[in-house]
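Two complexes follow with subunit A in common, the first pairing it with subunit B and the second with subunit C.
So, the complex of A and B:
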């Protein structure tokens, strides 16, 4: 994979712009400079890079549905969805800055190299000015790095690893989705209330960036409420039969099994843990329990009855009752006939947030967009922190949300979910246990789990 | 420690059963037709999707609009009722649905034999005289086409296909052998799978051993030309064997669905390992394939024990290939390989 043609030019241009940025007030850097893929002929092209083949293809399809809906709404078609509930009123349904929105799609295949190749092709051949998508943290980190070099804005889709806005964060990259740390912080108090302080946890962890940060986060959070960690076993991402990893759990003396698995891994490991009767056992005088830190509606469907009563967390749920959610579920449900997943919601929100930032900045220049998304130093109420600054918005389904300027991570309430005992239909597999307030999942940008990265300078490319 | 060892042997048995069943079919095809069939894993996967299909057919339903309830958009709710339930009453209807996986065997056998015939007559037949590399390429390509077709119709996510409720849950083996309770547990369905595999393997061997048809096929495997000269249409019999091998792979897939929810990729996951099994067992040797299937299944289970992983990290991911290297270095024809197979 060669991207030498970006890097040489990109480096020259970005150092030139960085120099210029230092030399003059930022107001002049907005529209005055050329940048990669400047829209022409009244059309702006967005690139949606999702897994259309491979194990996360169903997630990818749902993301794509949301992107299509967002583009329709931006162009003034359909019922407008969350455009009417969004607190920022810069979008008018006439495209972005008067340009009609078009889009191209790429197939990440859930592989980093394929994802980079498809993003590169959308940028170079199709003239995409913004890339959004991903359904795996490995892919998101790889594509974010590519967009930074190319001078393109990257609006991350479904990516939950701490690293995306931690050690691998980039100035051109933004994440609306929550992360592993937030899952741990939201779940721990619920787990304490349900299962008590005296528990011994055994972790099975998918052996890649997301699994590692997920495990670290949930281990720290559960140890803080007094739980012990008996063991953490890494399982290869390609595993399908987890029986030989599950059977030692009962001999370990653990009374909780935490599955840091996603996708097909999660469906298989959970199904097999239930088959081996783990949830029917009493250990240390307590009922044995299973926890799945990151839930997805599509995975819940795959696991069927096995998830009943199992706790996990999500970024959003179609069952929320705020105006934004209701508007989104209505337009999505009417168009496609079923409710959207939380991956769909984050992708829809990211597209609107990008379009809104361009409209507020009155420029497609990535550096102007970065500045608009970093906001006007508004803060979330009730959180006393120097880092509590960024772009504050509401009405996109998650309540009041801050795009934090320091690391381009969104801060908002997190949902703790539970597998529903008697689901009414296949979309009803999860129920909301608690909406964890953002204050409880807040962390400082220098938190050790996120340390080591640097946003660097925005890169307008060209 | 003893309990852990016993447990991993049990764990290895069901995985080994699946390896053995797939490897058995592979060896049958290789021994009779001389074709290295990389699409065999896809047959296992299609078998599993026969179970999904039957489950879908049995759950076909009609909608009744219930104006007293509303769906997620606030429209009147549609209540699904399966045809089975409305024809046979809820008790029998639900019982049939509950047993859909075992019932799918009856459904899968004719479907798999047909698919096997179509594959052999339509495509693979044209590659008998071609080099093994061509056969591998064409069957591998076919496997990719088949799995993409399945993904198009069934999506990429695993589809839950539970065992009949009588076989859910697990059995406490330890209690029988005097260990502490809850230490050695084993799901009922995995025991069923092991028993099922044993019956199928025995049946295939008996068929080849004790029937005239089997005798002719075995003679053909040993010396195709001479059997042909005796006036026997060996090609026709070999086509039937291809159908049989497809059926064995298919019902192995059907019965595997409650262990792992099927997805379109499951065939590929098993295929590579099954080839290692065939090579370790010895190309063309049916008992070798079965023995190597169980051996590798059990060793793979042992390798994922924490005690062993703490000595050699990552051993669980490479053990199968490591064993293959050792066996091929010490016994180049595999455990029970015959002289002259694939050596011309």
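So, the complex of A and C:
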């Protein structure tokens, strides 16, 4: 028996205890910080948590590109992008409040569990002061909850569920992207004009928060113009083969198929629907049609010719002609060689909006940032509502936009898009049908589709 | 001490020391040095080390002792998580009721699944357990959505009843606690330019992990454990001598399921969210890999394997191309891009590839897992000395001859 070893352990142990004792007077760092992850040493770390694997991976990679670009512009590298067109002039290209911007990235795998683990390690290990990202509303809602508990600001990336700023809204969370309700409100009149009032719709819906709320919103909006809803079938997010869901559509007597799918799911379900010949069928004496309420350039690219003539909505398009869009498309195109998707634009804008809010608040304290983003009670012109109050800005590509203080949702124009018949190249697959004015997509914070949530108090953490 | 002989006591004390000192041991690099990337001493990851350690210890009780390879253990982890979150929603933010219910429910679950699956052995048993786990996963996704909240995951909300807790007026979600000590509470210590984080949640998990380890040690040394090993070495011969193997294997299966339930309950207590993907077959496969990588049938091996995989998953996966460019910036431009491109296949989201390679190497060259590697190195240093090794390997079972058996 080697008792010597045991003694050595003992020695190690007691010296560790002694060491801890000696270090005692320097503990208390917890009390010294007024909020979680206060930046030190002239750097501020942002966490970008996007899906790099899973059905939304393409969107995630594009978001990451936009984040990198935003960080470059904040640090005064590159051509400055939308910094020059942004209506607020608090940012000067010297980082945020003089701190150089650094960032860490994480993979959400499009799963709530993995996303929270990744966000937690950003907060606990890397000292991130703000987390941004998304691409799946389930993930966004889960991470937003985590950030609220940890006392970190969450700037939602691509998340379209009503719940993100409805039932699951949080004081520390902000969303620039539009939502399912707005898609429904913008699409319905266009669909009515194109396909008439007498239609029977069949929904295929991704089975999680986004799918549920989008389906509800679209059903409500289409039923308001006289359509009937024949059926709504839930499909798991992880599915890649939708053929078994598509075969029953024709037997149902429906003449419109609404695909509440996104990313890789939508590429597969749309492609299969077209391969099954749905769009060549005549049902009830009418041409069978497909609608994809939430579009993205990357999905359009993935689905190729199949999207020709299919209606959908987006938050933004690189084809818009305002100054902000032009500046952003130019710097994104110069760096990566192709135009950005609307997911990229919302992530870029969110990063700038956060940096701007910090600069205006002159503090990284989450509560000060929340106050800055809730703004000075300015209002969107032309909307008569008590809730029309918040932070009003312009020049980030969507025209005049309001960050509404009541639920931390941005209000701006929504684009109705259509798959182009003869695209010139793979980035030209969508064309703008209509820019729906913000007035038409406005809703009150107590709208039943958004009811049940509570922002709560801002949480500065530590 | 505690019914253990001297060697085992010493072994247990070492394990206790290592577990309690984890926040210091995992933070070896100074804060601003380039190697700080490899520090792992932050609460979330340490909690995962302890929790998945428990999961793997439990799995090893079944696989290491009886040789029954369950491919559906994640189901118990998931069931445990859901039960715990429901307790947090309905009863109280104190984690104890949740953890207890998680163990009870997963134990019952294991009893049912084990009763059916253990009618078969070998590959048929594995497939049966896999089928049950996938069934649970798909149920959680579809028809059980009211209970599991589907893909979004079961989460706390402000409107939950929480009948034992005082009414929540703060407007923000309450945090999980143990009689008032919040799980997220941390105590930071700065020393030699290193920040050591002592987290309540971690120490709670760590203490449970030590208890779990102690129980597994006792089972390994008990007559019951011997019976289980008899099942592994030759079940037929055991039957011929008039012993029924089923009750023993079923007991092992239920105990193992309860370990997994405990791990699931702890996961939910540290972070009150339960998602169905915890039950997916990849999660079941992960614990198999942990156990084999570390060394099936050894006491310490599965814990090492769990730590190894969680380290790769959380630390290695964060090395993105941006970081790599930083490391290789001293290379000329073209070469730098090439090196970064190659390295990026193995880091960042490519960490699975690294894990796969490691797993292959271990299975081919160290069939006894990382533990065998450790023993071989130990032997090199101890060559010429005749005495019993002092790390507790003395009367432990020999590692399984080969994992494929």
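Criterion: the second predicted complex is superposed on the first by the 429 of 462 C-alpha atoms of A that agree within 3 Å, B and C clash if a C-alpha of one lies under 4 Å from a C-alpha of the other, contacts with A are read in each partner's own complex, and residues count from 1 in each chain.
By our rule, a residue touches a chain if its C-beta (ideal position, glycine included) is under 8 Å from a C-beta of that chain, and two chains touch if they have at least 3 such contacts.
Note that the structure is predicted; figures quoted are calculated from it, not measured.
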Which partner chains sit in contact with A:236 here, subunit B, subunit C, both or neither? Use first/second/both/neither. both
Of the two partner chains, subunit B (first) and subunit C (second), which one does A:301 touch, if any: first, second, both, or neither? first
Partner chain in contact with A:334 - subunit B first, subunit C second, else both or neither: first
Can A:111 be said to touch subunit B (first), subunit C (second), both, or neither? second
After the superposition on A, what does A:283 contact: first (subunit B), second (subunit C), both or neither? first
Scan A:447 for contacts with subunit B and subunit C and give back first, second, both or neither. neither
Once the structures are superposed on A, label A:268 by its partner contacts, choosing first (subunit B), second (subunit C), both or neither. first
Do subunit B and subunit C land on any of the same subunit A residues, and which? 53, 236
Considering only the defined contacts, which subunit A positions touch subunit C in the complex? 1-2, 5-6, 9, 13, 16, 19-20, 23, 26-27, 29-30, 41, 52-53, 68, 104-107, 111-114, 116-117, 120-121, 124-126, 137-138, 141-142, 145-146, 148-150, 168, 171, 206-209, 234, 236-237, 452, 454-457, 459
Touching subunit A in the complex, subunit B uses residues 3-4, 7-8, 11-12, 14-15, 72-73, 148, 151, 155-160, 162, 168-170, 182-183, 185-187, 189-190, 258-261, 263, 265-266, 269, 300-301, 304-306, 309, 316-317
Considering only the defined contacts, which subunit A positions touch subunit B in the complex? 53-58, 231, 233, 236, 238, 240-241, 243-245, 247-248, 250-251, 263-264, 267-268, 271-272, 275-277, 280-283, 298-299, 301-306, 318, 329-330, 333-334, 339, 427
In their shared complex, subunit A is touched by residues of subunit C numbered 6, 10, 13-14, 17, 21, 24, 32, 39, 42-45, 48, 141-142, 145, 150-153, 155-159, 170-173, 175, 184, 186-191, 195, 197, 271, 273, 275, 277-278, 314, 317-318, 320, 322, 348-349, 387-388, 390
